[in-house]
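The structure appears below as structure tokens.
Note that the chains are named A, B, C and D in the order they appear, and that numbering of residues resets to 1 at the start of each chain.
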Amino acid sequence: MDVGFIGLGGMGSAMASRLIAAGHRVLVWNRSPAAAEKLRAEGAEVVANPADAFQADAVLTMLASDEVIEELIIAPGLLKGARPGLIHLVTATISVDFAKTLEKLHAEAGVAYVGAPVLGRPDVAAKGELNVLAAGKPDNIARVKPLLDAIGKATWVVGTEPHLANVAKLAANFTLVSAIETMAEAFAFCERQNVAPEKIAEILTGTLFAAPAYKTYSAAILERKFEAGFKLALGLKDVRLMLAASEKAGAPLPFASVVRDNFVDAIAHGEGDKDWSAVSRVAFRRANLAND
Amino acid sequence: MDVGFIGLGGMGSAMASRLIAAGHRVLVWNRSPAAAEKLRAEGAEVVANPADAFQADAVLTMLASDEVIEELIIAPGLLKGARPGLIHLVTATISVDFAKTLEKLHAEAGVAYVGAPVLGRPDVAAKGELNVLAAGKPDNIARVKPLLDAIGKATWVVGTEPHLANVAKLAANFTLVSAIETMAEAFAFCERQNVAPEKIAEILTGTLFAAPAYKTYSAAILERKFEAGFKLALGLKDVRLMLAASEKAGAPLPFASVVRDNFVDAIAHGEGDKDWSAVSRVAFRRANLAND
Amino acid sequence: MDVGFIGLGGMGSAMASRLIAAGHRVLVWNRSPAAAEKLRAEGAEVVANPADAFQADAVLTMLASDEVIEELIIAPGLLKGARPGLIHLVTATISVDFAKTLEKLHAEAGVAYVGAPVLGRPDVAAKGELNVLAAGKPDNIARVKPLLDAIGKATWVVGTEPHLANVAKLAANFTLVSAIETMAEAFAFCERQNVAPEKIAEILTGTLFAAPAYKTYSAAILERKFEAGFKLALGLKDVRLMLAASEKAGAPLPFASVVRDNFVDAIAHGEGDKDWSAVSRVAFRRANLAND
Amino acid sequence: MDVGFIGLGGMGSAMASRLIAAGHRVLVWNRSPAAAEKLRAEGAEVVANPADAFQADAVLTMLASDEVIEELIIAPGLLKGARPGLIHLVTATISVDFAKTLEKLHAEAGVAYVGAPVLGRPDVAAKGELNVLAAGKPDNIARVKPLLDAIGKATWVVGTEPHLANVAKLAANFTLVSAIETMAEAFAFCERQNVAPEKIAEILTGTLFAAPAYKTYSAAILERKFEAGFKLALGLKDVRLMLAASEKAGAPLPFASVVRDNFVDAIAHGEGDKDWSAVSRVAFRRANLAND
């Protein structure tokens, strides 16, 4: 297939790379051109404008926020200028509200729209092992199946309205960040009582919590390996999106509220550019434990 | 070995049963005799007094609380009357403070003491697949190894002071109850937004949260299967022990605080005798969702 | 003075009325004209367009949100068309961020800007007894002093940058809504233990809490008088603004987070159009107490 | 009247002093005798044993906790040895549960019992301006009215069962500590945004929050005057009693839960011996503000 790709940060570059490797013709565009040039070496065609990426069978956008999508895709009228028959896959974590707006705008422009946010970090994306949460008309999802297969090891179809994929993505991120906070509190609790956090991590991940989320993040927290896989400041954006959706939906999220305050605390202490698991430092700091 | 066993509730009976099956001579006692009689059929010797169970190589006690241990074991002087060389394994979830008191009392009475709380519910205990969190002098743990092997599939040695096993147990239960609360909030969040909670549970347990805790409890929560494996009112006791230890230790536990209030809410709504995963109803009720 | 007034809801109408009574020439505009007509009877001049209200010595705007100000004032270019020398007083509760944007826009258009949010509800406004939180250049505040005196019993100057008045207003509303939540929890706590909430309210307001906030709101909560003085759904908007400012500022606000979840709960239970003190029903409902 | 007084800490000494000044014959006892000797100079009779203080018309006890009352009054059998007709006034903050136990024990011993916890700190007690929260049989309260009048400026009768006074006292302390936390968060929020906390304190205490609680504690927080009027570690005890009562009563107290974690945080940072308003440092520290 001919596939456009807009937004070549860590995640986007890795995903585009997988599409190239799968044999698709990939038209890439990025605001800062260096990332695009790197993909040219792998076989991508670098296009001059985002609009050019919409002249394909499908286009994936991996842009940081509602605002950037508005600015780069919506405001310049890319939907109206899209090649007939194109399917737009929005793979970033955006607000549920904005996803609903996008549903309307795509319908008006006659452009097919699939919500396809992903679970996984850049290293996972590089291996093509993301989990894709997809929502959209079954036909549309079927048509882009080869693309989803190229970027992920599994596609989980959540529903027929694209915004439902964003609901699921926020729920998954909520679960993840709550697990991080839980570990942070548990580890500080243990350390203050002379039980090595490493021991409790070993027990948990060896028994009831033998799952990737706990294995990956307990190691990060205990080794203080906070090089950003997913920046804490962006993590706070996600928490904000959860809370905004919770408000609209009428579902309190007290754990997300606790986490929000801890992200604010972490950022006030200069940790916004670290990995979001650095929010664990808050629990350690509040227990007056050494934090390095 | 000759093994005493005091406290034959759901957990205790299953554990005693495993000890019998492993070929030990097991001397059982329970406040209400019916449970003891059932084990007699399996080969246990029913003793007339708790003191008799202390005339063995080792004795396991699985009693509901600090208070019951005080009443049945400490106040009547069972430690002082214990057979020389006996090792006492305290397998229930007790407070860290009381475990420290027990350390002192055992030392004074010259009785060996091993903290050995377990992870798992009665059905897991019946299969001998508990995880045992053990703490005590290495010699003592070595001597009771055959007993630990009979009741559990793994023994995790946490430290040399028995109370450390209780710290670890509270940390594990904290992690578990936080996972339950997380799922409850996430499911209510999804349901209010027309994403089937079953779908998000499938995604989570198929990806980052492919772990027993999430599989078991997402099913319980979504099928409203709240027949008590572990009573909610007892769960609140455990949360109280976490918070008490957190206070003593100087480690805030904001997630445990949120959970505490939800347990109080659940009990006020008549759910104290259900399984502790019924605390999930609080999130559904607060989101004004159907709850049956 | 010649004074424009845009936004004639309950608060705006009462404030405009006070300006008329103080002898100013008042040019009013409202989206739905009925409210303007009522003020005509009191002596106001009804203008056809918001722009006309900007042809005065000063203009007060009391509009519901950032968005409405953007739509009615900024987008149509009213600042650029304002009469030279006009001072714009923004009296509504807006976000700190938007207030900063307004500072820039006013500076660019050469229009003087005073932040002047108010404390008090429509009945207080009708008596001219509001407390005005003002921020702006001292000269500007001095020039509009007669207007501030007409609408309020006191003006509290917070700083020289207009947005600081909005920070103060959010802090005041935070304090107020935290007091409401505190009373709700305390009353439910007492009622479940057979102490009449009326008695504890009497004690508090007769001793350490002998203050208008506690007197007004304890009565509202206990008599379930929830006719909207300030709609709960708008209250949630204010809580959202607090949390947004808290994020930007780097100051966690855990009490606001608890309150947020309770507002979401209240709205899910159909209480969005009641007075914001109806958030107290959440504490009663969670304690399984009768709520009518 | 002949009045016994047991427990001569800061509060107890001041209250006993007022009883002497009112012309009563006061029999004092304290564990460390220095405090008793100081009152001898004012006219008190120092008795050798707590039991002697129970040989009077009434006895007030101001002891630090349930445990101390159990140890000094209950265990030694002072109730059974009390002079016939004596009324026992328990003026400390004790748990609701223990107050119920005391009701039973007094009834069994035939000793009249009045719950009479007080609002106010030592300096207020010294002026006889406490607020007394009283509960007990009307006859009993009537008989000790002269004593209540001597120590307080007002007596608030909460009910006929003594423990109800303790419920009310915990509700009052909950309200107070929630106000302190509210101010701490509001001040940190303001300071991070360049609004002087002193200014917002002035506004609040000049308008909706013109009440002693806000005046006293905003000054303490902003001037960092944390010489202990009421020790933070004792404050945590009170919060624990609130939460324990909340559990028994079935009334969630989310604000108390937030406060609890902040007290734990404060104590972990060495602030347990300061005044409980030093819990405000937590909000400042979490916002990364200077804290001295």
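In this section, a residue touches a chain if its C-beta (ideal position, glycine included) is under 8 Å from a C-beta of that chain, and two chains touch if they have at least 3 such contacts.
Small disclaimer: the values here were computed from a predicted structure and weren't measured.
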Query = Across the interfaces B-C and B-D, which one involves more C-beta pairs in contact?
reply = B-D
Identity of the chain that, by mean CA position, is farthest from chain B = C
Message = Nearest whole angstrom, what separates the Cα centre of chain B from the Cα centre of chain D?
response = 38
Query = Centre to centre, by mean C-alpha position, how many angstrom separate chain B and chain C?
reply = 52
Query = Considering chain A alone, which of its residues make contact with at least two other chains?
reply = 192, 246, 250-254, 258, 261, 265, 268, 286-288
Ask   = Where on chain B is chain D touching in the complex?
value = 236, 240, 243, 246-247, 250-254, 257-258, 260-262, 264-265, 267-268
Note = As the complex stands, chain A meets chain D at residues 192, 254, 261, 265, 268-269, 282, 286-288
Ask   = Hey, which residues of chain A end up touching chain B in the complex?
value = 96, 119, 131, 133, 154, 156, 158-159, 161, 164, 167-168, 170-172, 174-176, 178-179, 181-183, 185-186, 188-195, 199-200, 202-204, 206-214, 242, 245-246, 249-256, 258, 283, 286-288
